[in-house]
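Below is a structure I'd like to ask you about.
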Amino acid sequence: MTRLRIPPTAIFGIIVLALFIGFALIGPWIVPYDPETTVGRTWSGPSAEFWLGTDNIGRDILSRVISGARTTIGLALVTTLLSFAIGVSLGIFAAVAGPRVDAFLSRVIDMFLSVPVLIMALIVLTALGSSIPTLILTIALLDSTRVYLVARAVAVDVATRDFVDVARLRGESLPWIMAHEILPNALPPLISEFGLRFCFNFLYVASLSFLGLGVQPPQADWGGMVRENGQAISFGILAPIWPALAIAIVTVAVNLIVDWLLSRNVRPSGASAEL
Amino acid sequence: MGRYIAIRLALGLVTLISVTVLVFVATNLLPGDAATEILGRGATPETLARFREQLGLDDPLVLRYGKWLWDLLHGDLGQSLTTQTPIAETIWPRLVSTLRLAGLTALVSVPLAIGLGILSAAHEGTALDRVLAIGALAAISFPEFFTAYLLILVFSVKLGWFPNLSTIFPEMGFWESLHAMVLPIVALACLVTAHMMRMTRTSILSVMSQPYIEMAFLKGVPRGAVITRHALPNAAAPIIAVVAMNLAYLVVGIVVIEVVFVYPGLGQYMVDAVAKRDIPVVQACGLIFGIAFIGLNLVSDILAVLVNPRLRSPNRGR
Amino acid sequence: MAQDPILEIRNLRIEAQEHVLVDDVSLTLRRGEVLGLIGESGAGKSTIALAAMGYARAGCRITGGEIRIDATDLRRIGVTGRQGYRGVRIAYVAQSAAASFNPAMRLVDQICESPLRHRQMTKAEAQARAVALLGRLGLPDPQALARKYPHEVSGGQLQRAMAAMAVIGRPDILVFDEPTTALDVTTQLEVLALIKKIIAEEHSAALYISHDLAVVSQLADRIMVLRGGKMVELGTCAQILTAPRECYTAALVAERDHSQPMMRPLPADPGPPVLRVQKVEAAYGRTRVLQGVTLDLHRGETFAVVGESGSGKSTLAKVLTGLLPPVAGRVALDGRPLPEGYRSRSAEELRRIQLIHQLPDMSLNPRQSIGKIVGRPAALRLGLKGAGLRSRVEELLALVGLPAAFADRQPPQLSGGQKQRVAIARALAAEPDILICDEPTSALDQLIADDILRLLVRLQDELGLSYLFITHDLGIVRRIAHRTLVLLQGQTVAVGPTAEVFAEPMHPYTRNLLVSVPQMKPGWLEAVMAEKTVHK
């Protein structure tokens, strides 16, 4: 067993992520002001009173950033969990259920893969109207096709190993094989994929809110806050930067952790042999 | 090889058709009555009836799809619900603008990304590699609007070098419009370059761990030649796939950037239509984005075959 | 002058991140001499071979010692300095030729790369020498072959092309890193003979790395035995083979000498066959891989199926277990026809035939405890639970010689031999009549493999099991099989009691297989090659 050595970048990622998850959990109790009431002038800059300034209708930006953590991170997390549940079970099923099921599923998924997620989400949300359940379902379904690809590739690799044949020859059922033989071996490589998909979904949710199709006002969410305060940037006011920065920091943090998880399995390639 | 390309093209066509189905079905998902939903509860029965007819909502779904596809094949993208003008007229100049923005971005980012990817792979594990990795990680983590606002804040508001809005008119000269496009190009290029660079590096490193690379070192081939002669030719196929995939991603990233900079392109047009729930326009824009996406993936697949000696040489080897 | 060492390694130490790979190894190599490096997996043989060229794989570091060619220490002359030595003074032949050739370059360009880069020859000279070398290495139509890409050429041919690539720059030292391990036994013989010839003709010194003492003994003047990165013993070839000083060396030498049968003889009348295979044919798509295979397996009998890669021997295992339904023929268990696919077989039929795979790493789920792996068949088929199941698992582990505490461990914590024991215990948990063993020992080091064979023989004695033993190793066949079937490209070449199959008159292919098995006798290689030329 190798010793657990966490690089400083990953430690930074873990601390930042923990901080924001803390905001999401206890945000409503620690905000300095009510995030949905006007407490000051429009777009006042950072001050001792309002650390990050106020927004387009005079609400405290810090309070909104803190209380927006729950909505924005929560949405992306629920979406990713759902997308993983669908994608991983379908992927493993395709890997063990025989070539015909595999070919059929893969064709259907290919069709969904041929349209970019954001564009498809825009189309669906136009048709259905935007609400949080629709948003979650739409992105989760579209994203699950990407998860399917990865999960299937991992599961196919596991399914070629002899212990799966042994289980088949023992007369185990397909669900048993999926749950006991494939899943435990497929999950570890998928953990970093979960982080990656979370980042993508997080950015999708933020982008859709930014485009006016995500979380609807007055609820505080980071993408929507950027949208509301977008014009302020022309006057050199930082109001839209703060929520955007929050999105950027969380994504960086998750990506740093993912990179660490990935690098644990990577051996240095031949490129470093002769340095 | 010709057979493979033919099959790939045929598959591309099938995908294209399925995309039209997908786009069409998605826009007809509305539960209940679309006309009431869109016009609101207060609409008069006459307007409702006229609107229903205009959308063809009384016909069965398959028939409507057939008619829509037939019109599409004849270059008729339908009429905008809000402006009552043919969509094709509005969409072409905007498509050209978007292609110009995407093309210029690709011109900047593809060589930059491949160069940095090679540089980073060749110096695996060194300080240079780590700096590039952290830069790329930041760039892919930043949402497009964050990068864009930062650029505006620094280069437009503080330094005043470039305009903060990229409003382009047909009358503008080339240099003038290019000047207006610098910030959106840089913002887009940051993201796409970072993605491409990371993937290029991974592709090269996976080739670098092959035994034939070790063999080249053991033949006394210097490091630079090992990379250019032995690693790159074998990494070409995956790198091409990476480039095409990211150009396809560029298509998506462009939507947000156009909105931030109020750039008169396809993305902005689509987002406006989405806000007004102008379904035919959304359909048309979604379809064009879909086609671009499929087309780029197709090109990458075919190029990958052309550069792979394993798939190529049965015709050349003897 | 001739006694001056051309290569001298002193107190070599190589470390990876956490452990020492090579510890205080010294060796010298004189002009025209072949030094064999032998050891089991993890002995550090390849690491030493690469270090002789001043090269350490990514993640490894040469942390101590000297590597001198003539009087120059390769560690002190920098990357560029070392490049000047490689390919010119010292050249390398790798284990897998298929992976060691760049798939995007023609063979001739790769063979000529080193002399051109080091400006030893002009392009025309280099190409002419490359083609000439390919010809000398017995390759047909060398001119055309040189212009091919690696994937258009067979594995055995690539291995020879790699030898040509090594000697083209007339190096003084050749490093052979298990160059015949990936080859079939008959191809191995030819490549060995060619390697010996080329070493002699080029007057090179050579380091020859192998896990197979018999192979090394045919080429080496001196042999160094390694274990766990340390030197065990160094001596002349004859001394190592006849008078080993260390116990470990003695064990390595002794095991190969065992040609005495290990199994108990069958009774004169073995009764009706447990498993009857009649005219079975199998195919992957349109490719026929088995044609009309017929055999009877009796209770308590070991039936060996022997063949080289591509002979269809593993396909037979798939057909019998029901993983690959045959296209023709019948299989009967105790006289009753056995359904073709495993899905249509009854639980009882599935239970009675169990399979043991070649690679325990692949056949044991790394995420399950040994207790679950071994206990599951008993729980599923015999309905055992709780304490009853636990005691059954412990019983089975004891039967294969593992402590009861192993039930709580997971496969990655076990050694290769222990894992294979777990796989056997799992098969036994179903209380089978027939075990199909698909090369169960070929991935294991020699001494461990012998332990597993002894275990299988003991279990047969105690439980009256029947084995269908699939292998490429004739040494194993002669030690454990009552009867043998020789397969060549899906067809039966010979079948019968093992002693008869390997007694004259023999089928030419059987003889070819038999004589190709490397032996430790001095001069064996020359004798076999001479005999082969006579037969041609």
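Chains here go by letter, A, B and C, matching the order in which they are written, and residues are numbered from 1 within each.
Here is the rule we use: contacts are C-beta pairs under 8 Å (C-beta built on N, C-alpha and C of every residue); 3 or more make two chains touch, one makes a residue touch a chain.
Everything quoted here is computed from the prediction, not taken from an experiment.
Looking at A-B alongside B-C, one finds more C-beta pairs in contact between the chains of A-B. Distances between chain centres, each the mean of the C-alpha atoms, put C farthest from chain A.
The distance from the centre of chain A to the centre of chain C, with each centre set as the mean of the Cα atoms, comes to 47 Å. Between the Cα centres of chain A and chain B there is a gap of 21 Å.
Averaging C-alpha coordinates per chain places the centre of chain B 50 Å away from that of chain C. Multi-chain contact residues of chain B (touching two or more other chains) are listed as 209-210, 214, 217, 223.
Multi-chain contact residues of chain C (touching two or more other chains) are listed as 55, 57-58, 79.
Multi-chain contact residues of chain A (touching two or more other chains) are listed as 267-274.
Interface of chain A with chain B (complex): residues 9, 110-112, 114-120, 122-129, 199, 203, 206-207, 210-213, 223, 226, 230, 233-236, 238, 240-241, 244-245, 247-248, 251-252, 254-256, 259, 267-275.
Within the complex formed with chain C, the chain A residues making contact are 2, 161-163, 165-166, 168-172, 180-181, 184-185, 267-274. Across the interface of their complex, chain A is touched by residues 15-16, 18-19, 22-23, 26-31, 37, 121-126, 133-134, 137-138, 140-146, 149-150, 152-153, 156-158, 164, 204-206, 208-210, 213-214, 217, 223, 227, 231, 248-249, 251-252, 255-256, 259-260, 270-271, 273-275, 277, 279, 282-283, 286, 289-290, 293-294, 297 of chain B. By the touch criterion given at the top, residues 50, 53, 55, 57-58, 79-80, 82-88, 91-92, 94, 96, 99-105, 113-114, 117-118, 148-149, 151-152, 165 of chain C touch chain B in their complex. Contact residues on chain B toward chain C in their complex (touch as defined above): 209-212, 214-223, 225, 229-230, 233-234, 309-310, 313, 317.
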